[in-house]
Amino acid sequence: MKMTSNLHPKLCSRSYKKEPTCIEVGPVYVGAGNPVVIAGPCAVEDLDMITETAREVQARGADLLRGGAFKPRTSPYSFRGLGLKGLKHLAEASRITGLPAVTEVLTPNDVLKVSKYADILQVGARNMHNAALLEAVAGSGKPVLLKRAWMATIEELLFASEYVLQRGNFRVILCERGIRTFEPMTRFTLDLSAVPILKDLSHLPVIVDPSHAVGRRHLVLPMALAAIAAGADGLMLEVHPNPESALSDGPQSLGFEEFGQLMRSLESISAVRTSFRT
Amino acid sequence: MKMTSNLHPKLCSRSYKKEPTCIEVGPVYVGAGNPVVIAGPCAVEDLDMITETAREVQARGADLLRGGAFKPRTSPYSFRGLGLKGLKHLAEASRITGLPAVTEVLTPNDVLKVSKYADILQVGARNMHNAALLEAVAGSGKPVLLKRAWMATIEELLFASEYVLQRGNFRVILCERGIRTFEPMTRFTLDLSAVPILKDLSHLPVIVDPSHAVGRRHLVLPMALAAIAAGADGLMLEVHPNPESALSDGPQSLGFEEFGQLMRSLESISAVRTSFRT
Amino acid sequence: MKMTSNLHPKLCSRSYKKEPTCIEVGPVYVGAGNPVVIAGPCAVEDLDMITETAREVQARGADLLRGGAFKPRTSPYSFRGLGLKGLKHLAEASRITGLPAVTEVLTPNDVLKVSKYADILQVGARNMHNAALLEAVAGSGKPVLLKRAWMATIEELLFASEYVLQRGNFRVILCERGIRTFEPMTRFTLDLSAVPILKDLSHLPVIVDPSHAVGRRHLVLPMALAAIAAGADGLMLEVHPNPESALSDGPQSLGFEEFGQLMRSLESISAVRTSFRT
Amino acid sequence: MKMTSNLHPKLCSRSYKKEPTCIEVGPVYVGAGNPVVIAGPCAVEDLDMITETAREVQARGADLLRGGAFKPRTSPYSFRGLGLKGLKHLAEASRITGLPAVTEVLTPNDVLKVSKYADILQVGARNMHNAALLEAVAGSGKPVLLKRAWMATIEELLFASEYVLQRGNFRVILCERGIRTFEPMTRFTLDLSAVPILKDLSHLPVIVDPSHAVGRRHLVLPMALAAIAAGADGLMLEVHPNPESALSDGPQSLGFEEFGQLMRSLESISAVRTSFRT
């Protein structure tokens, strides 16, 4: 497998560091062999819903809690999140359950504020090329969850991670979340080949977000299993107490029961994977 | 999930026929719940190599034998297959092992000839839109393996199957083999979301060909497992006695040992799948 | 500009033949410097409409008449053309006006029949990879209008032309008609960069079909002018006596008046082009 | 032409404001009917080269001067521009020639600084989805040159402009610069259909940057002419005193002589366009 550009990503590469990077976040280890599951709503809507979600996903085996406070939106007229109040609710739900919290940060000026409330800083697909943001989150010292832009090559994702690593922060989790293609039946085309390719080229852990890619609930389960079978180190899943009334991304969010079913299937497939990988 | 065009595919749809279609080919049932594996070389090169391959893949659990006699090629200067001689070799290897044979047919005038030697007629990605060919293979009465064109939507694949079904031949197997995207690290992007979507919209069985999509041997195993985890009814895999010296598609072909390893992993994952699907 | 594959197209290349190929079709020269215009309906619907269209487009400056008798369709339930009767109507309209006729042929078995009635044989986008058809049209001795598949690279289009040229028929006209991308506002994305690239790599004439790409009438004029400005040797345009009631492709067809307006704009732009090219 | 999302762009639409928006920048009017030309190097390399370039492009008819001081790069190891020093050189070259200066701003914290030195603030393709940056440039009161992301639909570009307009700054110039497709012979595929579509949907002026899309010098001229023929309000072109030794984007930069040739061709085509548009 060859990189196409003259200047290669260095610090993220297997040739720089042979052993897989394992990232410790509170009680959780990302990249240690057992898949981790990050679950929660697209957006924090109020304290009750995020707390309820945290408890319910924890009861079904989730390892980390996600919830958006600052939401990037195509239209300025869409719901853009609760901001600071959302961060506080998320931190409270995290404190109650002990699940470490993951949330997105949109601009360098918010990094300090978000760092106070979250355990992992997410850089979303729209910001994968935002060097100023990548350097700012690097400086926070927090682990960074870096999503692939929907029209970024695998190599460009690795270069984006390099912006974080070269500032001395090696705690980067890569995330495949679907690329844009001509197929209209899914919001994006989940590129699961990226998983073994990234694992091959880089020592960083790789997770998959099937919810945004497929855009419809009943496709999330098969694609989540496929992601784990392809070798992913974890999943990021949208779960909502009441998907039909969600303020954003309702159609692709799982209810608690569906999430529970997915977790049970996942357990079996992870067991198999472990057996044939070793 | 909605179709985008005014005229919908009818005969292939779940609303026309609710129960999944199971296709009997000699001793094999495609679409009966247990994944089937079609294995063999991209091109039949001589009698010995196809016979050896047939025996070796059979020993490791393959259900059907593939081998190309008429090869569609981008360049007229590339190797285009042994033609009739290749068909005869394939039929002989099939007779010896009892594995039903799958081979591609390129043009309506060849359908009768190919039907004499093969158990399943393959319509390749380049011919998915070739209505005259689809109608000719329909008329052969043989099962048809229909590959998705690399820039066809899921709906267009269903419409292509409709050309076969409306001639009274309902024995069609759909095959996802990768779509063309901007990502240069794989030949095509395997669209595994197509599997649950096709299973949802249609009663026809759906298999996956990971070899052509990823284009590199070591990516075939993870993507094959992912395909099965996503719900595929089977796999089509390129296997060659000596991939390094293959006349075509060498880099993506598995050797016998790699194929054996894949079959063992597959068994475990299929067992898990069966348990949680029921 | 480099080709990506090991085996290059040879006979179509500038290194094989330096001077541009000019193709004589009755009184028309394609590739002689002055843009040619092929106009007519997507499908021949009856004798009156094709004769009327031929007369009207001729009066406004068209050089050749197009009209489909065998229509490739995504759905088997769509209108698929009048067949032989359509061919005869087209030939009659061509005889009356003296405009040479262009029509599509779908399968090798139809080549002889279509050759009797048409002056140029069109191989459509869906058949660009159909080697048997390319070789059959090559053998007809007629000029071939070869459309780029919506999924084909520029290099693959050149390889497809090579299938015709290597059979001794050098009278091939290449046609850009839009590639498939993620943009939903047009049916296809017209890739006008392909025009100067093809002219650079090959000696064959290159025309553009903006109608199929943009899919909407009012976008045809600007894209037609852009194609000529980019250096195209001609245009292929859908014109219908009454676009609103067309049996196929109505929304992208021009009426006679719109076609006349386009021809007047074209004349001015061609004059300018000639002045700065020399 | 219909928008696909529920929430439409409002302020940028023709239904909100019927007359085309004309933007005054010093002595230049963008969107007034006559195409404007923005020319200059990808990156300001030193005072001499930017001053020389400014004088030479002015002598050949350029209306505005471009030059990058803050360069977004895929790799953190590539040249990222001279920063503040580059801004000062650009402003000096602008002062000497009287050509208004256009330069890119990468992050909200730089907006104030860049505004002091530039007449138009450019938001690049990588930042089209960066809401915080769009709102910051809106607040500067300067005209904004907004480039389409290579992964963005036409509708998403309009929504991005809406982030600026809804802050009360209506001086936005839209720029098509190529989208990412499967075609490897060009860096991006210039989507010229976007020009008439944007002009149809929005009152904002639309320019085209052919240099980044095609990535090779000799394709810039035909695509620049095509852009104007398609109705663009202007062009953005990379011009460098010595393209072979440019620190970035050399292969696609024009030398002064090539730029002069382009300007002469442009003049003729603009004259024609004016005649048939009225």
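Think of it as A, B, C and D in the order they're written, each chain with its own count starting at 1.
In this section, a contact is a pair of C-beta atoms (placed from the backbone, for glycine too) under 8 Å apart; a residue touches a chain by one contact, two chains touch by 3 or more.
None of these values were measured; they are calculated from a predicted model.
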{"item": "Contact-pair overlap exceeding half with A-D, pair selected from B-D, B-C or A-C", "value": "B-C"}
{"item": "Most distant chain from chain A by Cα centroid", "value": "C"}
{"item": "Length of the line joining the C-alpha centres of chain A and chain C, rounded to whole Å", "value": "48"}
{"item": "Centroid distance [mean C-alpha coordinates] between chain C and chain B, Å", "value": "34"}
{"item": "Gap in Å, rounded to a whole number, between the CA centres of chain B and chain A", "value": "34"}
{"item": "Shared interface positions of chain D, touching two or more other chains", "value": "151, 180-182, 184"}
{"item": "Complex contacts: residues of chain C adjacent to chain A", "value": "180-182, 184"}
{"item": "Sites on chain C touched by chain D in the complex", "value": "1, 4, 151, 153-155, 179, 181-186, 189-197, 200, 213-214, 216, 218-219, 222-223, 225-231, 264-265, 268-269, 271-272, 275-276"}
{"item": "Sites on chain C touched by chain B in the complex", "value": "5, 7, 9-10, 72-78, 80, 106-109, 126-127, 129-133, 149-151, 156, 159, 162-163, 166, 180"}
